[in-house]
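First chain A sits with chain B, and in the next complex the same chain sits with chain C.
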Partner chain A sequence: MTWLFFRLILRPLWADKARTTTTLLSIALGVAVIFAMDLAGEAAAGSFKSSMETVSGQDDIEILATGGLPVDLLAQLSQLPYPLKFSPRIEDYALLANKRTVPLIGVDIFANALELESSGEPTQPVKPTERGVFTTASVGRKGETIWLQINDQPLSYKILGIIDSGQVSGDLVLMDVEDAEAVTNRRNRVDRILVSLPAAEKVNVDTWVDTLAKHVPAGASVRPIGARKEENRKMLAAFRWNLRVLSYIALMVGAFLIYNTISVSVVRRRAEIGIVRAVGATRQLMTFAFLAEALFFGVAGGGLGLVIGRILAEGAVKLVGLTVQALYVSSTAAPVEFDLAAAALSLGSGIAVSLLAALAPALEAGQIPPTEAMARGRIDTQLQQATPRHLVYAGVLLAIGAALCQLPPIVGKPFGGYLATLALIAAASLSSASLIQFGARHIASWGGVQSLLAGRSLAGALRRSSVLVAALATAIAMMTSVGIMVGSFRETMLTWIDRQIRADFYLRPAGDAAMDRHPTIAEEVATKIEALPGVVAVDRFRAYSIRYNGLPVTLAAGDVRAQMRYGRTSLKSGDMQDAIKSMLAGEAVIISEPFSEKHRVKVGDPITIPLGTGKPTFRIAGIFLDYSSENGYIILDHSIIKRYLPADEPSNLAIYTKPDVDRAALRTQIERSYAPRRIVVFENNSLRNEAIRIFDQTFAVTYALEAVAIFVAVMGVAGAMLALIIDRRREIGLIRFLGAAKQQVRGIILFEAAFIGLFSQILGVLSGSLLSLVLIFVINKQSFGWTIEFHAPVLALLSALAFVFVATVIAGLYPAKIATTLNPIEVLHEE
Partner chain B sequence: MTRRQFLSAATFIKALPGYKYEFPRDHFSHPEFQTEWWYYTGNLATQSGRRFGYELTFFRAALQPSIEQKSIWSTRDAYMAHLALTDVEGKQFFHAERLNRPGPGLAGVDLKSERIWNGNWSCHLTPNKHTLLATDQNFNINLALIPAKPHVIHGPNGVSQKGPNPGQASHYISFPRLTTQGQIQLSGITHQVQGNTWMDHEYFSSELDQNLAGWDWFSIQLDNSTELMLYRLRQKDGKSSPFSAGTFINEKGQTTHLALSDIQFTPQRLWKRYPVEWLIRIPSIGIELSAKPLLDNQELLSKSKLTPSYWEGAMQFTGSQSGRGYLEMTGYDDRVRFMPR
Partner chain C sequence: MDRVAILQIDQVTKQYQAQGQQVRALDGVSLTLDPGQFVALVGRSGCGKSTLLNLAGAMDFPTSGEVRIDTQITSNLDDAQLTALRRNKVGFIFQNFQLLPTLSVVENVELPLLLAGSPDARKSATESLAWVELSGYEHRMPHQLSGGQMQRVAIARALVHRPRLLLADEPIGNLDTTTGNLILDLLRRATSDFGTAILMATHSQDSTRVTDQTIVMRDGRIQ
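Here is the complex of A and B:
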């Protein structure tokens, strides 16, 4: 058996290095991408650490509320007869001079003084006269003065001490709660109260959560400290799931290449198989031998893939991190760690896909009768005709796919959609043979003799050419569909922005944005701008990250009156007039579409929101389209939120001006009104550009994944073409012998490459367009809840397709060169 | 005098003779003085005779004479507190300390609500009852203290002089005998206890004299319904400072001031650096006592460099009379200071 494996499988593989290498590499890349995305996803989102959890304290329970907790609660809790330690926390972000945003944490230095003093060097924390901060080592040195921007204010602080890096993960700035209260404008409020249990009680966290819950106001929530991590895991689950599915595309393309490689092996070794069978090898043995070949590809390619994947993960974690930050939450990506389970899964997928892809050709190898040994020259007779049966199968698969799209999500995941994707790809692959035959007959005849010969030879070697076309078509279909989906999303968002953005200027504090970070602008800035001549209204918008049903949501307060008069928010469902009236009356809220999808609520439903210490219930008066947050928005009127959180300052300002105003002059005045605060002003059109920038950043990882799939496919085409040439040495020799010039032979080969490219494009674009419908209307809708209008980004797609086409033709260059160097006499002599 | 001392002394009021006491006001806070403490120490026992000693102390230390109260977190006074329990039978000593700013009500002293508190350690001080509540990780106490005698004021002219300069003194009030009843919960078991508590309340604005290393302080409740308060101010050269003094309180609550010349302190046995056994003679009132600790290890070992370690423990007295009480020894660890500076 070993001998057989060596002679029949390994030796030919070695002899045919080019094809072996490309197949190996394609599997390797497929596995690498899966592994890299899994590792990166875990680092950026899974082993997620909220950037606020950087201080690894002894705390076990947290108490929190929208807009913070009143300090009186801390006093009440601290007097309960429980052996607990309560620590107030003010949490915000500080922008460093080098534009890095780090968490800013305000703690009660007094209450911690005894502990702080007992560890490490003697610092002198109890010095209320000195304004200073404690930082991690990379932020600055002890005694140094650093510049920080907190919300919209530039401030300088002296570094009083350096925080031991063993106590924290990631950088941070720590200050006394008194200073933090002043700079973050949390008058008499703290963001969280952390509770530390005595060592013996650490096992009873849940009991203590219940006990404490009785002592906090309705709007506050009490939960174990790890809850935020779980919450984020849950929030990021759909995102990670889709990322994972996307990462399997490259491997799917690889599967076609395995299939191609093994079938070619079987076909080319029919004679050998016949001989081996004639001398007594069983059918099973033949099948096993070829499955072993696939296993070799799976194992070797997969192993290589793990190595490449580990390297790719370092880059991928940045891309994934950007997406997570832009769409969800400020997080610190954990270092990429080699995860054995992820490695096993990726490797396992690689091997499984290889074996599955090889199953049909391996079974066929078992079917070859011993008499085949005598039948030289009967190469590749199967599938000379594309049978209509395949087209019927394709039709049935399409119908099944369409039916699968109707299924609702299962545990929040669009399984129907995924299966429909597979069905579509299978249908397209089944049609490839018919397409080639049709193309060879009707298209190839237009291009002269070389084209005709190329077409004929493709149609004559259908079992290989059809697989090649299917592989490339799959990659193109993925590219097209993802391209259409992202393009549609982008276009829809832009239309929405154009409709949404009606104000002339938008203001927000400087610094990079994140979905859960809402720095504020001082109220006096808004008042000053309101008084400027030429300004007709200033809409104050305030956002909070809150939790609804255990998931993060953005709660926002806007000026409904200003919106009504100057803006134009349109509702997807619900009556606008009723919504405005009831929002002003404090009875209702409006919610964004993703929120309604995610939490399964509709217009008219009641909704209870934790607000400050209260927990009021509102009616949902409308659902509006929104593409800026997957977690969703709940919007109420400004005046209502003030009842619960009176002292709050806006996080954004929208400024409406008189139509005839000198914009440049007004902009200067606005800038003067907030100086020296650090605020950025966007004019209407620059906000649009900013939105596009964030959008493209969000989808960077998608583009990268697509590029890998295309690369694998084109590489596969090159390898397969080469195999094709080597198989057809005799034919090429004959053509040359009959008087064809080298250029003509090259022409034929290049035409073949071009036809493979062309047919793949036709099939790929057709199936890709269908696939994009599944992505947009089934998978996206079920996982994220966005309504996206179909928009084909024609220009971008055409250029991508042209690129792939050229790449395919270029992939034909090397095989063409090999073909022309064949010596016709020698080749014919082989007979 | 350093510049800092001069400045602080210039702005805080000093303890000077002629101070007019007024109660219940003077049982509570005196922010015009820099330092202030309320000290409860007591010897308790269960019906079956299982003995406990306890200490609950509240400190207030002004960081500066006045500040601008910009925020609820603005801090003029830092509040510290100590809690200790001596389990004689179990030979265990538990102690805990905390430091808090007043903040939204984390710690403080309030005449209106008659409370002195630091987190969930508190004293409700009414004219006829002091209620002590304190919860720690290892134990908690819930005690009702009823004055068996009215409070006394130590020292002539209302000042307890601690050094040669005017103002090197404190206003010093004691409840020498508070009949105590309540519960001590230790390791999940609640013990019904009763006994006697001593309470000290002092306020002043000067630090210890430069020549002093620390002090040894005794509160003694004798079985014949009389009490003694004695302190020996220890100079750096090991001798007793001439300002060491004491007070004898008779059955009726009348006080007799004792000067150093009246008292003979003789340290006996050492535990670590602390002389935990003593011989005390006061010939003028015919007292000769041998003082022994209920447990050697009653040291409040500070975890932090901000606060000193000291020994404060329940004592047994025998000799001319027998009695119980407490001994406090400071300055054996480091020069005593009460607040981080």
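Here is the complex of A and C:
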């Protein structure tokens, strides 16, 4: 077997380095992308524990509530006859001078001092007498004065000590809980109370959670310390899952190339197979020999892929982090770590896909009878025909795909949609042979002799050319479908923004935006602006990150009266007038569409929200379209939220002005009214541009994944064309004998590349357009709950398609060069 | 009227480097072919027949000596000129027919004209097929033909552009005697109908019955 593998498999692979290299690289890149996205996703998700949770130290349980817990509760809990240690905690964010936002944590310095000692640089366990903070090393040096923006206020602090980097991952600013309470306007409230169990009780965390739950107000929740990380993971599950599915596209394209490579191997070695069979090798042995070739590609390509993936992960984590931050939660990417399970999964996928792709040609190798193989002993130039049977199968697969789209999500995942995608791709692949045959007959003959020969050559080697076209078409279909989905999403979002953004100015505290960060603006700023001439209304909007059904949600309070008078919020379902009235009466809330989809609630349903220490129930009066958060919104009138939460400072202000006002002058007045606070003012159109910027940034990772799939496909075309030319060298030599100039030979090969590009584009765009419907109306809807209107970004798609077409033709340049350098005498007589 | 030789091979030597050693495939070979002349090159495998045909067809160049096709010295021509020379003045026939399996019969025949950019390629190809008595076979594919029919298609292709020189490398090597004789008769007819000079490499002494001259080669030399 070893001898057979070496002689029949490895030696020919070594001899055909170009094909071997491109196949190896295609698998390597496929595996690399999967591995990189897995590592990057893990780093982005794993970072939640780093910033906020690492200073939890020995704590086991946390108590928290929307809008914070009263400080008195800490005293009450401490008096309970339990051997527990309670410590208060405030969590917020601070903007550094270098515009970086870092977590700001307020803890009891006395209780935590010993845990904060940095190696070699101990901090004194004394309460600081001046306004001081502890930071990680990259924020500043001990003794240095740093500038921090907390909410809208610029403040300076002295760094009293450096936190041991071993205790945290990511940067951090730590201050005493009392200072934090003051600068963050918590007003006798803390965000969490952390509970430390005695060593002997650490195994009974759940029991203590139940015990403590009896001693906290109704709106508060008690849970183990690790719960937040799990909630974040749950929140990111759909996003990471879809990213993971997307990351498999490149490997899927690679599968076509593996199939092509093994098929070529089998066809080229028919004579050898016949000889080996004739001297006693079994059918199974031949099948195993070619599966071993696929295994070689899977293992070697996969191994290389892990190395490339580890490198790619560094870049990918930035892209994934941007999306996570824009759509979900504040995160600073944790360092990328080599994860053995992820490596095993990626490598295993590479090997499995290689073996599956090689199965059909390997079985064919086992079926070759010795006599036929020895008699034929020729290259793959026999005529092949596409049969109508393939088109019938394609039609059946399309029908199955359409039926699969009707399936509801299974455990929250759109498996029906994924299977429909596979069915569509399979249908497109089955149609590729017919398309090439049709194209060769009806299109290729129009372009002169070079075009004719190129078309006929592709049609004459359908088995190979159809696989190449299928591979490239798959990549193009993905590019087209994701392009249409993102374009549709963008267009829908822009329409929504244009309808939504009606105020003339929007204000928020300076610093990066994130879904779970809601720094506030002092109320006096809103009052001052309200008094400015030219201002007709100031709508205050206050947001809180809360947990609903174990998932993060944004709870927001707005001025329903101002919205009614000046805004244009419309409801997707529910009656607007009823919603306004019942919201003002404190009976109802409205929710965003993703919230409704995610939590399976509809208009009229009751909803119980943890608010401060209470847990009031409201009626859902309406569902509104929203494209700014996948987590979802619950909106109440601000007069209602004030009943439960004392803090009334807004997170954002929307300013409506008189129609004839001098906007530039008014803007200056607004800026003066909040100085020296750190607030940013967006005019109507700049907020729109900012939203577009964030949107485009969010989908950068998608484009990167598509680019890799396209690259793999185009590289595969180059490698496979080279193999095709080597096998067709006799024909190329012949046409040189018949009077073809070198330029004509080059032209034939480039026409072949162009036809592969053209046929792939036709198939890719057709199947991609259908796929986009599955993405928009099935996968997106079931994963994220967004209603997206179909818009084809024609110009962007045409540019991308033109780029891919040119890349495919360029991929033919090297094979064309090889073809022109073939010696006609040698190649014609070598048989 | 002067009969200018279509092919003049003058003291031609051809050496190859094979496995680190110099191999002399042709050694001081000279011959001349006039229009309409049918010459057979006879000899064992490896005696230099195919090498001589390649030089005569401007597909290869001598190490020393000169090859003139219709007075043009092949060694002095660049790639474009050589291509033009082959397109206009030379036709090739091979032992194993060498038809392109993906093209129909008529497309195979018209290929040299299409490559040369000639107008009316299809009409000329149809006429050429009629000349080899294969009218009605235009749209068949090569694999649907017998060996003799394939070689007739190859002859139609080689003559479609009315070359002045036809080089045939073992044209009946893969055919039975009866079919081979038909092919030889067809070639003989080409010399008279079109004035084409034919240089034919062959193993078969029988072939010489239709030729004007037989040249015996041995170890790269004419005997």
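We take it that the second predicted complex is superposed on the first by the 787 of 831 C-alpha atoms of A that agree within 3 Å, B and C clash if a C-alpha of one lies under 4 Å from a C-alpha of the other, contacts with A are read in each partner's own complex, and residues count from 1 in each chain.
In the analysis below, a contact is a pair of C-beta atoms (placed from the backbone, for glycine too) under 8 Å apart; a residue touches a chain by one contact, two chains touch by 3 or more.
All figures in this text were calculated on a predicted structure; none of them were measured in a lab.
Once chain A of one complex is fitted onto chain A of the other, the partner contacts of A:206 are absent, as it touches neither chain B nor chain C.
Of the two partner chains, neither chain B nor chain C is touched by A:671. Shared-chain residue A:75: touches chain B; no touch with chain C.
More residues of chain A are in touch with B than with the other of chain B and chain C.
Shared-chain residue A:83: touches chain B; no touch with chain C.
With both structures placed on the common chain, the touch criterion links A:449 to chain C but leaves chain B unconnected. The intersection of chain A residues touching chain B with those touching chain C, taken from the two complexes, is empty.
Those residues of chain A lying in contact with chain C across their complex are 381-383, 448-449, 452-453, 456-457, 459-460, 730-731, 734-742, 744, 824-825, 828-829, 831. Taken in their complex, chain A has these residues touching chain B: 71-72, 74-76, 78-83, 88, 108, 110-111, 113-115, 117-118, 122, 124, 126, 128-129, 176-178, 181-182, 187-188, 198-200. Chain B contributes residues 63-64, 67, 70-75, 78, 97-101, 103-106, 117, 119-120, 122, 133, 135-137, 140, 303-307, 340 to its touches with chain A in the complex.
Residues 50, 54, 57, 59-60, 79-80, 83, 86-87, 92, 94, 96, 98, 100-103, 107, 111-112, 114-116, 141, 143, 157, 161 of chain C are the ones touching chain A in the complex.
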